[in-house]
Amino acid sequence: MEAVTGKVQYRVIYADTDQMGVVYYGNYGKLYEIGRTEMIRGMGFPYKELEKSGVMMPVYSVESKYLNVITYDELITIETIVRELPTAKIKFQNRIFNEDGTLAHEATVVLVFMDTHTKKLVRAPEGLLKLFK
Amino acid sequence: MEAVTGKVQYRVIYADTDQMGVVYYGNYGKLYEIGRTEMIRGMGFPYKELEKSGVMMPVYSVESKYLNVITYDELITIETIVRELPTAKIKFQNRIFNEDGTLAHEATVVLVFMDTHTKKLVRAPEGLLKLFK
Amino acid sequence: MEAVTGKVQYRVIYADTDQMGVVYYGNYGKLYEIGRTEMIRGMGFPYKELEKSGVMMPVYSVESKYLNVITYDELITIETIVRELPTAKIKFQNRIFNEDGTLAHEATVVLVFMDTHTKKLVRAPEGLLKLFK
Amino acid sequence: MEAVTGKVQYRVIYADTDQMGVVYYGNYGKLYEIGRTEMIRGMGFPYKELEKSGVMMPVYSVESKYLNVITYDELITIETIVRELPTAKIKFQNRIFNEDGTLAHEATVVLVFMDTHTKKLVRAPEGLLKLFK
C-alpha cells in the first residue's frame, strides 16, 4: 500500500494548557485521537460506523516525543499517517505542527481491533481494510 | 433528616491547572464528583453498587461560585453536604477549601435517579434512602 | 446594546465521554470556553490580545442545566450570547444543541476583568467595550 | 545508585473513563504525573520546591504499553522507579496495577531540567541529585 495521510487543524484552548503556559503533556492523547478519527472519516469510514459493526479499537501502545512547546490559542496542524496495511492492529504516526509550521511533536500510536462482545482480538474489518489497499 | 456531611482531601496536580497558574474553572466538576462519591462511600453505599442495581445518576444542574483561586500542589478539602431527603433527585452542596483553610469555592449539584435500561426517572433506591433517614 | 451572538461547531471525541456513553458533565466548561472565545474572536478581538494588554478574565460563576445527553461523534453547535454591556464583569449565555438540533444544554457564565499584575478587578477594556456598543 | 521506588494509590473516577467503560488512554499522563510527584515528595523534595528554585521539568518523551483495562472506581497502584542518576534528564519508569494486583500498564517518561527563565537545559539541581546518590 501507499502511505495514507490526513491533516486536521485544532485550536488550543485554556483547558489544554497547564501552569507552565503550554499544552500539558498529558493532553496530547486527545490530539492523536482527533487526528486519526478525522483521517478515517476523510476516507469515508467514520469510527462510529466501525463501532456499530461490533468492532472497537483500544489503544495498545503510544510513543511520543515532545520537540517544541505548543501554546494557548495556536492553530496547530495534526498530521496522521498510516504506512502499513492493518492486520489485527493498526499503526498511526502523528506529527503535530505549531501555527508557524515548526514540528512540535511526533508520536506513534498502535491500536488493536477487538470484538465488542467477546473482547477477543480480531482482524481489521474488510470495509476498513479495502480503503488502504 | 439531619444534614449529612462528607470530607475528602485532594492534591492538585499540573493536569488540573491552566496557564493562569490556577486550577482551570472547567476542572471543578471532577472535584464535586470526588466529593460526593467519597461521601456516599463513607456512608457504606458505593456509587458502583448503585450502578449494579440498575440505577444511574446523571447530573441535572450545577451552580458554582469561584471565590478564591486554587493553585498547584495545594492539598484542598472538598466538603459535601446533603440537607434534603433524596426524591427522584438528590442535591449535593460542595464547599472547597484551600490548604490554608480559605473558602475557595461553593457549588450545588443536582443529580437525578434514572433506570439504566429504560432511561426513565425513578425514585431514589431504598438502600440509599434509608442511609439519610 | 443589542444582543451579540456567536455560533461555533464542535465534534465530540472519545476523551469527552464517560462510561455512561455520553459527554461527562464536568467537560462542559471546555465547551463554554470554546463558545465565548470564538464569539470574541469573531468580533475581531481575540482573547489572546486581551491578555497581552494586561487583562485576564477569571470565571466568577457558572450555572448549568443538562437537558439532553450529548453523545460521541456528534457535531454539536455551541451558541454564545452577550445581552448586557460588560462592566467589571461580563455575562455569557450558552446554549448547546445536539447534531439533530435538540437543545441539550443551557449555561450562564460570568467572568470578571482582572489586572494581570495587581490581580485587582478592573473595568472592561475600552477596546472590548466598544465592540458591544 | 540503587533503584528508588515510590508507590501511590489512586481511585478511578467517572471523569477518567470513556464510553468504552474504561480509563481513557489519553488520561494516563495524569497517572504518571501523580506517581512521580508523590515519589519525589516522599524523598523529601517536593516538585514545587524545585520550581521555586528556578528549575522546571518539561516532559521530553513518553513510551506506554496498555496491558489491561482499568475500570471505574478501581483503587489502582501507581509504582514509579528511577534506576539511573539524573543528568540533564531524568527517567521515570511507571507500572500501574489493577486493584486485584494485575499489571495493567507500563510506561517510561523522560523529563529534562530547564532553567525557568532562560529556558535552557541545565543539569539536575544538586539538592535533587543527592537524594539519589
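Going in written order, the chains are labelled A, B, C and D, and every chain counts its residues from 1.
We take it that a contact is a pair of C-beta atoms (placed from the backbone, for glycine too) under 8 Å apart; a residue touches a chain by one contact, two chains touch by 3 or more.
The shown structure was predicted, so the numbers you read here are calculated from the model rather than taken from an experiment.
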*Write down the chain pair with more C-beta contact pairs when A-B is set against A-D.*
A-D
_Most distant chain from chain D, judged by the mean position of its C-alpha atoms_ = C
*Compute the distance, rounded to whole Å, between the mean C-alpha positions of chain A and chain B.*
33
_Can you compute the centre-to-centre distance for chain B and chain D, using the mean CA position of each chain? Integer Å is fine._
27
_Centroid distance [mean C-alpha coordinates] between chain D and chain A, Å_ = 24
*Scan chain A for residues touching two or more other chains and write them down.*
14-15, 20, 22, 24, 26-27, 29-30, 33, 72
*Using the touch definition up top, name the residues of chain D that touch chain A in the complex.*
20, 22, 24-30, 32-33, 56, 58-66, 69
*asked:* List the residues on chain C that touch chain A in their complex, please.
replied: 11, 13-15, 29-30, 33-34, 37, 46-48, 72-73
*asked:* Going by the contact rule set out above, which residues of chain C touch chain D in the complex?
replied: 14-15, 17-22, 24, 26-27, 72
